[in-house]
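In structure tokens below, several structures.
In the two complexes that follow, chain A is the common piece, with chain B as its partner first and chain C second.
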Partner chain A sequence: MAIPGAATAGGAITGPPPPRYWVRHRVALTGWGLLAPALIVLLIMSVVPTIYLVMFAFQHVDLLGPGTKFVGIQNFERVLGDPEMWSDAGATALYVALAVSIQLVFGMALALMLNRKMRETNLLTALFILPLGVAPVVSALIFRELLNPVYGWVDFYLQSWGLMGDPVDWLANPLTAWISIITLDVWQWTPFVALILLAGLQGVPQEPREAAVVDGAGPLSLFWHVTLPLMRPFIAIALVLRAIEAFKTFAGVYVLTGGGPGTSTTLLTLDMYRIALQDFDVGAASALGICFLFALSFVMSRLLAVLAKSTDILED
Partner chain B sequence: MTTSNLAHTNRRSVLKSGVAAVGGLLTASTVLGRPYLARAQAAKPSQLTMLYATVEADSDAVKTLLPQFKSLHGIDIAMDTMPYNALQQKVFAELASKSAYYDIVIVDAPWMSAVIDNIHPITDMILDSNLTDAAEFDLTDFIPKVFYDTAVFKPSASTVHWSQSGDVDAKAIKQGGFEIYGLPIQANALTMSYRKDLFEDADNKSAFQAKYGKPLAVPETWDDFVQVASFFTRPRKRLWGTTLMAGAGDWATDDFKTMLASFGGDGYMINDKFEPVFAGPEGVAALTFYVDLINKYKVTPPGTTSASWDTAATEFETGLVAMSMNYHTETLNASVHGTMDYAMVPKKVQYGPHFGAMMLSVNAFSKNKEWAYRTIQFLTGKASQAAMLPLQLHPTRRSAYEVAAKDPSYAQKFGNFYPVLGKSLENGVGRPRLKNYSDVDRSIWVAVNDAARRATTPEAALAKAAAQVKTQLAQAGYTPG
Partner chain C sequence: MRKLAPLLLRLALWAILALTLFPIVWMVVTAVKPADMSQTLPPVWVFRPTMSNFVSVLTGKTYASQNFGVLLLHSLIVTVASTLLALLVGVPAAYGLARVRFRGRRAAATWILSTIMFPPAVSVVPIFILSARLSLTDTYPVLIVPYAAFSLPMVIWMLRSSIKQIPFEIEEAAMVDGLSQLAMVRVIVLPLLVPGIVAAALLSAILSWNEFLFALTLTRSKVQTAPVGLNEFTSMYGTQWGQLTAAATVTVAPILVMTLVLRRRLVEGLSFGAVK
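Now for the complex of A and B:
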């Protein structure tokens, strides 16, 4: 059967053209058809769980018994009324700020080094990205052994080199425990930041740099006034991606310190794990998850807004 | 299916499968003594699935019995094992999803308050002579304290403990309104391992005698323990007196509750009226002593305030300490060139080592409950427990300890391990029965850790923890009194 309006082999039109609304519908249907797989996946993986999360947040959920009931905002009162939760939220924010800042500085230094066209660059790049391939749990276990004050390498070498007298129990003091968890995250994720920044450096146009050199700019001035401004979009991408991931940090801290000493390195993710998967209080854990989601969305939107002011790529 | 229907079906099916059963039994191994007779054959499955722990419940020992179960009953037991850290989530997830996949699940005592509605009570099966040969199974052989603490719960009030202490009697349990929810298979108790070679060394003996005016001996009291631990503490030779597990984690609570009980306090920490009872004078004295071992007497290796049971095990096995307290099966590396043995954890006014047993239970959603029960009956039977001794199972039956005591090969291989474990279990103190035990546990270990690293005083740490625990108990719906 010939389709109305379709051209024949000879180029002649066999009938009247299809109504415009039909064409529009066909285009729309095709669009929805193409979108459907992604939408279904999104619906199953994100929307439905989010609806459940919201439902659970207003219920006392008894997964193992018959006691599930609606409790209004009781779960939110419990979570937001717990001073330790606020303290852990502060610790999480501090953790993200410290870890990501240090990673950006070290990542930039690493990227500048790798950007120099040397024979060893490829080998060094491959070596530097190795930590990315190690699972966070494994990294934390290795760090735990390295930091053991009796048989760990860190204390052993620091003592051997005369840099330390008595052994330091790194994980028993809040300050050194914080240094340990930040170091672990920096070791693991700096290569990721470096790779993004290296891609940026390799895309920086040479003309402004050459012009600045002609004008007598030194290496530091060249970096500060020319390279860094041109790198802002890439710094923004690295910052946002790393911040989101750092907020979700769990395995490394859980294995390395367990939230201790005391509760000094307890992050919100550890609280969520404890409430949801040890106490099985799914209602309270959902309430905490929603609060965390809102806080994270707010922080990220503010961060993006600030960065967008000085970053073309984000505005586009 | 009601119990009477079940029994009727069983008798009928026995006749049908009699020939096959006799044939199977004739060819079955009798290594385990009298094999369990399959007198009832309710919808016999070809395979049962079991969720078990790894080293924490000696899975290697249990695996050795599975071929014998198959030769007796023709049923494969597919055993999945999980490390303890992930086991609770797995068990809870399986039961919460009402999954029938696992017929048998391993359950640790503190979880029972939460999962009680999802575990099938087996009291009626134990009392059913078609399923249980009372003489052969001999419930009275289980260590009463271990059995009551692990397996006996009141369905309407899962936090209440069975108050009697005599031999296990299923009828009395049923009449008292309680139920049996499983059969204990592995009982872990805090025991003390020590370097036998160091204690027997002539130079050490004479030096100790000269210093303290008494012979060097394995300490039985905490006062002796301080002297012995101080004597062996020689940091320049990389040797310390003892390990402690004061790091942030459940282990710190277990250390503390052992001390608390030995100082005369209630090692359960929360009584049946839902009142925290760990912050009184005994608790403060116990925690103060614990903190002093680390900071005043300095008899522990550096890193004790961040140590877990894994750290403690490593420190002992690498020869860094003369004594250690743990639940692990302790070993010494060959490079240490030493020998080791076991003793009870010392006491102040009484013994009170922390203990926790794991039981095998029937999943309430299993489609093969009767055969699941037969399996756990087999695995926790007298013969099976004795058969697992060579792999150092921590038995829950008194007869297994008697077997170990009579056979010199066990003493040769494991030293005092079995006598010490048996005695520790008889004197041990379990955990409180709470749905939110992990919350309570955390508040207590934070207090212990804070005090141990001198961030606060023992009194203040325990008072803060007690206040937190009161709130947590109220939030979980537990009303004091």
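Now for the complex of A and C:
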């Protein structure tokens, strides 16, 4: 639908003749004028914080007294020279990779199961969506109580069904703490991934599948060589959106493990919070934030390239 | 065998669903359980439901310095205000992106979408300092503006696609009939946009209601929201499952109802229209 700009913007203007500048630029002025309030709100939450981060990163920020002073790249040296930050960066990458890939595999399995005509399909999909609405704080609190080594139901039932010997203190051991935070995210988001992929499955045209069946393709090669390539846009969108959110994860891990035991489940977002708001070292937190944004913008540009190549979400 | 397979599939689906819903069911069941039974093992499954946990959470000073009802009120105020702000600035922006062909429109749309990648854990640091310097800590605006910003990309994306689905010929005809563009938007576009606006508003409300990090960082007692209060609940008084789950249930229930109502629109919105 080709709409000439002049026909859509400005509209019928009555009264005194408008100034020439308005006449010449009314399309642009209307467009940017409509966008301006939203852009201001978004600038306040993105560009303004970035400017201040850059300023703070080269300062020692004194929250109470007048001790704020320029310290050059000291903050960066401290953050980048701290092996803990590198291992937390690794933990963040591992968290995103594990959570998102498990969600994609489980989500695909669930989507394939739901992609049959059954009487209760609508009911099932409606109920599967519920974890999406549970606040991450609440789901983390529920998980924490269920995993409690003394009162928790998980240990009790695993023991009474003979699946486990001694009770496990899930959040006190790095490996089981990792299992717990990944399970929390997988529980919360797999249904969302499944519903995106289900929409993809339902939109896959039947002809290529039928042709492949005629050519003697088995169910597995049918899925691998025909269905999966056709679902690429939907896999891409699920992957990118989940990765973005997983990088931003804070509440679930903060409430469930608090980054522990030790610092084994500490993600960079938890470091940001601790350094800035518990140690009140705003300079170091800002330096870390800038490094995080740099690394993230690199990863995100790759992810956006994936998105642009396989979907039309960025098109007009 | 051919009849057995679909049956097994359905059984498997229902089993997965039961496992998925178990944490939510546990929360609700524990909330209505008498206090003396809530933490016993083996778990008690049969009991006479009680509302006493809800009563003590909503009316009594069961934790911190105020009752949980006050925190829910704070959450409600922040949620409603940030949703209204997101719609107020989001509807014009969506209309501009959908209907006005100006230079830079595509770049603007991409930039708006890209703001979702900014981690709140990073932006909260400067916002915390700025709000302290401007004496805005523990006030409503310091949550309302960020929450509106968090949901704006989604609101704009949803509404933009809703506007595009309105045939442009209707708008043209109205303008030929002598309506000004502003009047045309009010009389023709907005009424047709109501379902889209409602869906976008509910989505924005869910995000704001559930937000934790900014509320934890930028509020104390005057504006503290329900998610932050829930977290404090356990750290201050140990774990009393009855009251904890009752407070959690009250916090989650309205959102779960909205989730069920929205369903497909929720997935559509959260996937930025990739799923219709």
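The working rule: the second predicted complex is superposed on the first by the 278 of 316 C-alpha atoms of A that agree within 3 Å, B and C clash if a C-alpha of one lies under 4 Å from a C-alpha of the other, contacts with A are read in each partner's own complex, and residues count from 1 in each chain.
FYI, a contact is a pair of C-beta atoms (placed from the backbone, for glycine too) under 8 Å apart; a residue touches a chain by one contact, two chains touch by 3 or more.
Keep in mind that this is a model prediction, so the values were computed, not measured.
> With the two structures laid over each other on chain A, which partner does A:195 touch: chain B (first), chain C (second), both, or neither?
second
> Which holds for A:178: it touches chain B only (first), chain C only (second), both, or neither?
Neither partner.
> Going by the contact rule set out at the top, does A:187 touch chain B (first), chain C (second), both, or neither?
second
> On the A-aligned overlay, A:223 touches which partner chain: chain B = first, chain C = second, or both, or neither?
neither
> If we overlay the two complexes on their shared chain A, which of chain B and chain C does A:143 touch? Say first, second, both or neither.
second
> Quick one: chain B or chain C, who's touching more of chain A?
Partner with more touched residues of chain A: C.
> Going by the contact rule set out at the top, does A:167 touch chain B (first), chain C (second), both, or neither?
Touch status of A:167: first partner only.
> When the two structures are overlaid on chain A, which partner does A:151 contact: first (chain B), second (chain C), both, or neither?
both
> I'd like to know which partner A:286 touches here: chain B for first, chain C for second, both or neither.
In the superposition, A:286 contacts chain C only.
> Of the two partner chains, chain B (first) and chain C (second), which one does A:37 touch, if any: first, second, both, or neither?
Touch partner of A:37: chain C, not chain B.
> Could you tell me which stretches of chain A are touched by chain B in one complex and by chain C in the other?
Residues common to the chain A contacts of chain C and of chain B are 63, 148, 151, 277, listed in rising order.
> Quick check: in the complex, which residue numbers of chain C touch chain A?
Interface residues on chain C, with respect to chain A: 6, 9-10, 12-14, 16-17, 20-21, 23-24, 26-27, 39, 41-43, 85, 88-90, 92-93, 95-97, 99-106, 108-110, 112-130, 132, 145-146, 148-150, 152-153, 156, 168, 171-172, 175, 178-182, 184, 206, 209-210, 212-213, 217, 227-228, 230-231, 234, 239, 241, 244-245, 248, 251-252, 255-256, 258-260, 263, 266-267, 270-276.
> Mind listing the chain A positions that touch chain B in their complex?
These residues of chain A touch chain B: 63-66, 78, 148-151, 166-167, 169-173, 177, 257-263, 274, 277-281.
> Can you list the chain A residues touching chain C in their complex?
Going by the criterion above, the answer is residues 1, 3-5, 7-12, 14, 27-28, 30-35, 37-42, 44-46, 48-49, 52-53, 56, 61, 63, 110, 113-114, 116, 118, 120, 124-139, 141-146, 148, 151, 153, 156, 160, 187, 191-192, 195-196, 199-200, 233-234, 237-238, 241, 244, 247-248, 250-251, 254-255, 268-270, 272-273, 276-277, 282, 285-286, 289, 292-293, 296-297, 300, 304, 311, 313-314, 316.
> Which residues of chain B touch chain A once you look at their complex with the stated criterion?
Residues in contact with chain A: 88-89, 92, 95-96, 114-118, 238, 247-249, 301-306, 311, 314-315, 318, 320, 435-436, 438-439, 442, 446, 449-450, 453, 455, 475.
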